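First comes the structure, then the notes that go with it.
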Amino acid sequence: MLRLENVSAGYGAVTALHNVDITVEEGEVAALIGSNGAGKSTALRTISGLVRPTAGKIEFRGEAITDLSPEQIVERGIIHVPEGRHVFPRLSVHQNLTVGAYSPRARAKKNETRERVFELFPRLYERRLQLAGSLSGGEQQMLAFGRAMMAQPVLLMLDEPSLGLAPIMVEEVARAIDYFRTIGVTVLLVEQNAELALDLATRGYVIETGCIVLADSSERLLENPKVWASYLGEQDWEFEAAGHDPDRTVVSDLPVNKGV
Amino acid sequence: MTLDQFVQTTLGGLAIGCIYSLIALGISMIIRSTDILHFAQGEMLMIGSMMGLSAYWLHNLPFVLVLLAGTIGGGLISVGIEFFIYRKLRLLRVSLINIMIATLGVSIVLQNVARLVWGSEPLRYPTLFASKGLVFAGFAVSPQLVWIVVLSGLIMGGLIIFFRYTTLGIAMQAAAQDPDTARLMGVNVDRTTTYTFALAGMMAGAAGVLLGSLFFASFNMGFMTGIKAFVAATLGGLGSVAGAMIGGLVFGIIETFSGMLISTAYKDAVGMVVLIVILLFMPSGLFARDGRSV
Amino acid sequence: DTIKIGVFGPFSGDAAAMGGSEKDAVSLVIQEKNAAGGIRGQQIEPVYADDGGKPEEAVNTVKRLISRDEVLINIGSISSPASLAASQVSRQSETPQIVVGGTAQRITTQGNKWVFRSPVPDTKLVSDLVDFIHDKFPKVSKFAFLYVNDDFGRGGFEAFKAAGAKYGFEIVDEERYTRGDIDFTAQLGRIKASPAQAMVEWSRYAEGALVAKQYVQSGLNLVRFGSDGIATPKFIELAGSAADGIYFTAHFSVATSSDIPVAKEFVAKFQKAYGRVPDSYAAEAYDAITMAIKAVEASDKLDRASIRDALAKVSFDSSRGAFKFDDKGDPLLVTHVVKIVDGKETNARNIPVQN
Amino acid sequence: MTSALLEIAGLTRRFGGLVAVRDVAMEVAQGSVHGLIGPNGAGKTTLLNLISGHIPSSSGRIAFGGEEITRWAVDRRARAGIRRTFQNLKLFRDMTVLENVMVGMHGETHCEIWHSLLRTRAQRNEEAAIVERAREALDFVGLLHLSDTKADELPYGSQRLVEMARATVARPKLLLLDEPAAGLNGAESRRLVDLIKAIRAGGTTILLVEHHMDVVMPSCDCITVLNYGQRLANGSPAEIRAHPEVIKAYLGGGYRKRRTTPEQQQQMELARAAS
Amino acid sequence: MRALPIARLTLLLVLAGLPFAQSNAYWVHVFSLALISVILAFSQQLLVGSAGIVSLGQGAFFGVGAYTAASLSISADVPFLLTIAAGGLAAGLSSLLLIPIVRLKGSSLAVATLGFAIIIHLIMLNEDWLTGGSIGMMDIPAPTLFGFSLGGEVRFYYVCLIAVALVFLALDRITHSRFGRALTAMSQDEEAARASGVAISVYKSKCFLIAAIVSGIAGGLYAYHSRYLNPNDFDFQKSIDILIMVVIGGIRSLSGAALGAVIVVLVPEVLRSSGEFRLLLFGVMVIVLAGTGSRGLSGILIDLAKRISSFRPGAGSPQKPSAVKL
């Protein structure tokens, strides 16, 4: 459905993506993981047209969208939830959702989708007349998610949707992504919480300093020791906190405390 | 102060206030949709006034058409300036203060172009209204004032509804607050910006015809009016439609009444003192629209 | 080699119309003179410079004319503050200056022998008006005075108070406004409530026209006197019928100067060249350049000091009558009082005494 | 137990009709790492803002080191030793990393304008000391090599560390951290835990707001849970982890299933059944 | 960074030589005016460039300084240097009136300072006993220092040059210190600055105070330069001009501000003979230069110089929007 071929992109003199190939099939959830500054967000921004690729080709359902403007890309149903929430701070929650349904293809179903959003995030309903800028971090994240739902996505691109969410809300978002999949929406997911992402996805890409270094099914990625070490290797807080393993030495490249 | 004087002063203040409101509205809308402090908004009023007058000279048009000509003239110039100047500057990614300085430059240029085109002397506006006063509850009221108040009221009411309830109005604000994200929602930011400038310019143009017919048209009629409208917009809360409206009215009334009651020498100072005092208690104006900062 | 004469004034900015009159009148005379062979075979070269009507810029402008362009004499500026600012430079660099529009008495009372003035000072103008009022309106003694709050309006007001004292004139209401104001209902309202018998109003023509209109609208009915600032056809054009009945004082008026041959000739030439009736600034500038030329002709050496001395002694028939300077550098001229009747200027000195 | 560094009593903050923090009482022990968790919109950031003084309280009192500070301005609290980081990063974007951290020393230093005008010895010494301390702090978080980079050119995770360095450079008594692990991946959060421990070892008391349990649980001595602006629970990590209300309102269980212990699994099910 | 002091010294020498290159009294007069404006632009640069405060009131402080110096030298015959100092002091004192409004932000603060400027202007206009009112103040004596006259254009030019150098040195030191750092931090994020212990209101007030003193000093010099003062030269248009100077030159640096001041003074002088089109051309220039961004014309020139001397080949610094929030 979505195919990136040899795409390179960057900001001015900085090249953030080098010859990236990504494929997402109709109806699947694909995950893109990588450490800080690897170029995940840039990849999404390139697809949605905010960043112009310097080389390569982007295809959506067989049509080249490389040179389209973001507005035109939205028209084709590619909806991008940007990193860091980016709600419209001086519009109310309700108005934010209205903007989500701005494109003509979404306008018709505006009211029923809004109901659906409020069902999924009752918190937003409680806050519907509040200015989005005064919401808590997590509430803004919910709003950003809901706003994307309003746009009737065909391909939904989520940039770190779990950022700043309480564990229980992370589950909620996971459920929402599942819901999208069941209704046939394709999802491209960027997450720091790699475990969550790979759990949800069928296909995964690992990106490092702008290059795709691994592309595989998510099960195989989850088992890949390299992935495990650099992205999943969470320490098991249950044991650590409970003091079961007090002498465990943590591998860390942090310098020892000298100053404080 | 007699009752008659009071009524006259109030009405005069209201009419001037409406003019300020119309300019302030444009200023606020532009801030809302582009964050630009548009110091050339007053010049749109002047252009509207001049265009209306020129239309009259050409064809001896009736008032409504003169008003229309001024409105369209203001809108066109406003859109043109946005397209050829501010848009280019935004593409260069210069900061807002640079654009603000550019608006001052635009103001200087427009004034001087107008001076070259229409001359440096004030121009008499035709008597477009029946000059007989209307009588309301025993008070003679000049028809210009009524026109101004009614027309401005309609425009402002329409705008409030537009921004609060229509998808386009909401999208225009979204485009202002976060253009990149708005584009991700399918909003064509360039187009909403054009709409904003068109609307703002048209309102100023209409105000120009109204002001011209009340007084006269001259190449420098816009600057001071623009500055005062700016103060009015700040008073109401920059970026707020209702604020600009109320701010303009309040400022107009303060100005006439302080001239009447306090001192004509310090008339302008009174408005400023009121502004500062109000800002002390409400730092973002009467109708602030703050988000949280921490 | 040419004879350079500096001409400065507000050719841009708010007062550009007045600066325009000055420039037009000057260039008319110089063209004519040059066509006739110039001064002793030397062509006159006017150096125009815009001071924007601002004192600060006037200083720079005159410095520029004097030391860069090396003019022999300067003509300008229109407003009193700009003229005053320039006159400080004229004194420092010992260059004669003929002020065109500035009527503030201060300009010539600072002991500056380099500055001369084409119009009569406001004190003289106003005291003539006061005499006129006393003559023609013996019953009127209570005045409301409305003036623009700057050098021009303030000068008029102070002069009126001083001159009126000798006839026991009383200012029962003093009103000011700021330059550029458009709404005068507050001031007119208070005047209406005052016991004034007459209103004196010291404005330039644009504001003056608005005052006149709003005066009519507010239903006032007093004897109205105005300043030389409204002595321009533009005033009647802007004010329309609201101008009728106003008496104003003037340095020059097409209506009242008709018996002066030079004025007639000037008006005709000006009208032919520019298609409009000259205002008093044009007349003052016309006279200023004429006397400058006369002074250059009369001085034996082409240097500033001798031209200055020649200028002090100049005596000729100006567009405003026989022209001569007093020892301060102010002209000894008669002033005019004009009444607007049916949109036309008429000589008010001819009206009968009003009882 | 050591004495309380921070004592909060009856603290309430309203926004119009909304009560974001309601009658909260809390103590943070000297030298501890105290966790503050709760669902989104529970009022954690608001509480932090109240403590740092960024917003005034509607009622209640805050005492710091035994002194009542409820009415103190932000900068005064900062000078008294309360420093913080922000949930939405607040760096001085156009300043270099080093300069950012140097600003952190502001409250600790005293040279006035005339000192800098005259370049007095005191001023030069102080300036040198500021640079020295700032470099130490950057070294401490591992960013010394980026000293001269503009702050907003850094990747997100590093920006968080700069904030951390700026907040710790003055060796505060109390450090308020608002979601320091947001946007960090597993390996990076693990490093964060070490950093928090190191800061604490330097004598700074920490109040930590965080949603990543793999950061909260290993670092905290004590945890307070907020829900709808009210205190829901308070206790050791083990207690909190097992607290049925907390599980229900906050922790949930879905995507952690694979790594929870059997006992916990049981407790979660109990909680589900109870509701 | 050896290059910087050398460049500065060279510039100073070049400026010192200027009256020899162009000795026409008019041009020297204009150069002095440009230097005075440079000082004014410095004051605005401290506000807008370092602290992110857009002040539309610098013209008022300029006026207060000018009137103070002028009236002291006219009526009390106070020596030159003292009147200049008094001008700075009076302007500084009047800036204390702004203390209540410093807690405003962005455009509200800008408009409030505009209001302040309008009020001060009205006082200058209306209080004849203090300022001579609309007629203005004249007969300001030529400055003398220890019996040595500084009245000539060239001598006064050097006075201005020394003043510029001193003010530059002072502001350069102030901005590169704890105080300047706090201002910059405050301009980029008030909340974070507060959290680091910066007392925002105090720092903003101090910033206004210093800027006002600097403007007042410029005003004092102006009084002796023009030797005639009129309220119309200190209206808010002046404040706007000062802001234009700083922005088109580049708000990031004192040198940018200086360049802008020179342009704003010199260009209209050069255009003076173009009469009617003068302001039009000036307006166009303002628009074009506004497009140069926050590094302003000075930034472009520096890049150009670097490219030419191939100091760092191809190093055009990308431009960042400035921190000034409006």
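Each chain gets a letter, A, B, C, D and E, in the order it is written, and its residues are counted from 1.
Keep in mind that, in the parts below, a residue touches a chain if its C-beta (ideal position, glycine included) is under 8 Å from a C-beta of that chain, and two chains touch if they have at least 3 such contacts.
A quick note: this is a predicted structure, and the numbers were derived from the prediction, not measured.
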Exercise for review: Would you pick out the chains that touch chain C and also touch chain E?
Suggested key: B
Check your understanding: In the touch network of chains, how many steps separate chain B from chain E on the shortest route?
Key -> 1
Check your understanding: When the contacting C-beta pairs are counted for A-D and for D-E, which pair yields the higher total?
Key -> A-D
Point to revise | Between chain D and chain E, centroid-to-centroid distance (C-alpha), Å | key: 43
Practice item. Go ahead and note the Å separation of the Cα centroids belonging to chain A and chain E. Key: 50
Exercise for review: List the centre-to-centre spacing of chain B and chain C in whole Å, with centres computed as mean CA coordinates.
Suggested key: 36
Revision key, fill the gap. Chain centres from averaged Cα atoms put chain C and chain D apart, in whole Å, by 74
**Study point:** Residues of chain C touching at least two other chains
**Key:** 12, 16, 149
Point to revise | Multi-chain contact sites of chain D, meaning residues that touch two or more partners | key: 45, 54, 86, 90
Study note, to complete from the structure: Two or more other chains are touched by the chain A residues 134
Practice item. Would you pull the chain E residues touching chain D in the complex into a rising list? Key: 170, 173-174, 176-182, 184-185, 188-189, 191-200, 206, 210, 320, 322-323
Point to revise | Of chain B, residues touching chain C in the complex | key: 1-2, 5, 8-9, 12, 16, 112, 115, 119-122, 124, 142, 211, 214-216, 218, 220, 224, 255-257, 259-260, 264-265, 267-268
Check your understanding: Where on chain B is chain A touching in the complex?
Key -> 167, 170-171, 173-174, 177-178, 180-188, 239, 289-292
Revision key, fill the gap. Interface with chain E, chain C side, in the complex: residues 11-13, 16, 48-50, 52, 54-57, 59-61, 63-64, 66-68, 80-81, 84-85, 88, 92-93, 104, 106, 110, 149-151, 154-155
Review point. Of all residues in chain D, which touch chain A in the complex?
Key: 15, 18, 37-42, 44-46, 87-88, 133, 136-137, 139-142, 155-158, 168-169, 171, 179, 182-191, 193-195, 198-199, 201-204, 211, 213-218, 220, 237-238, 241, 249-256, 259-261, 264
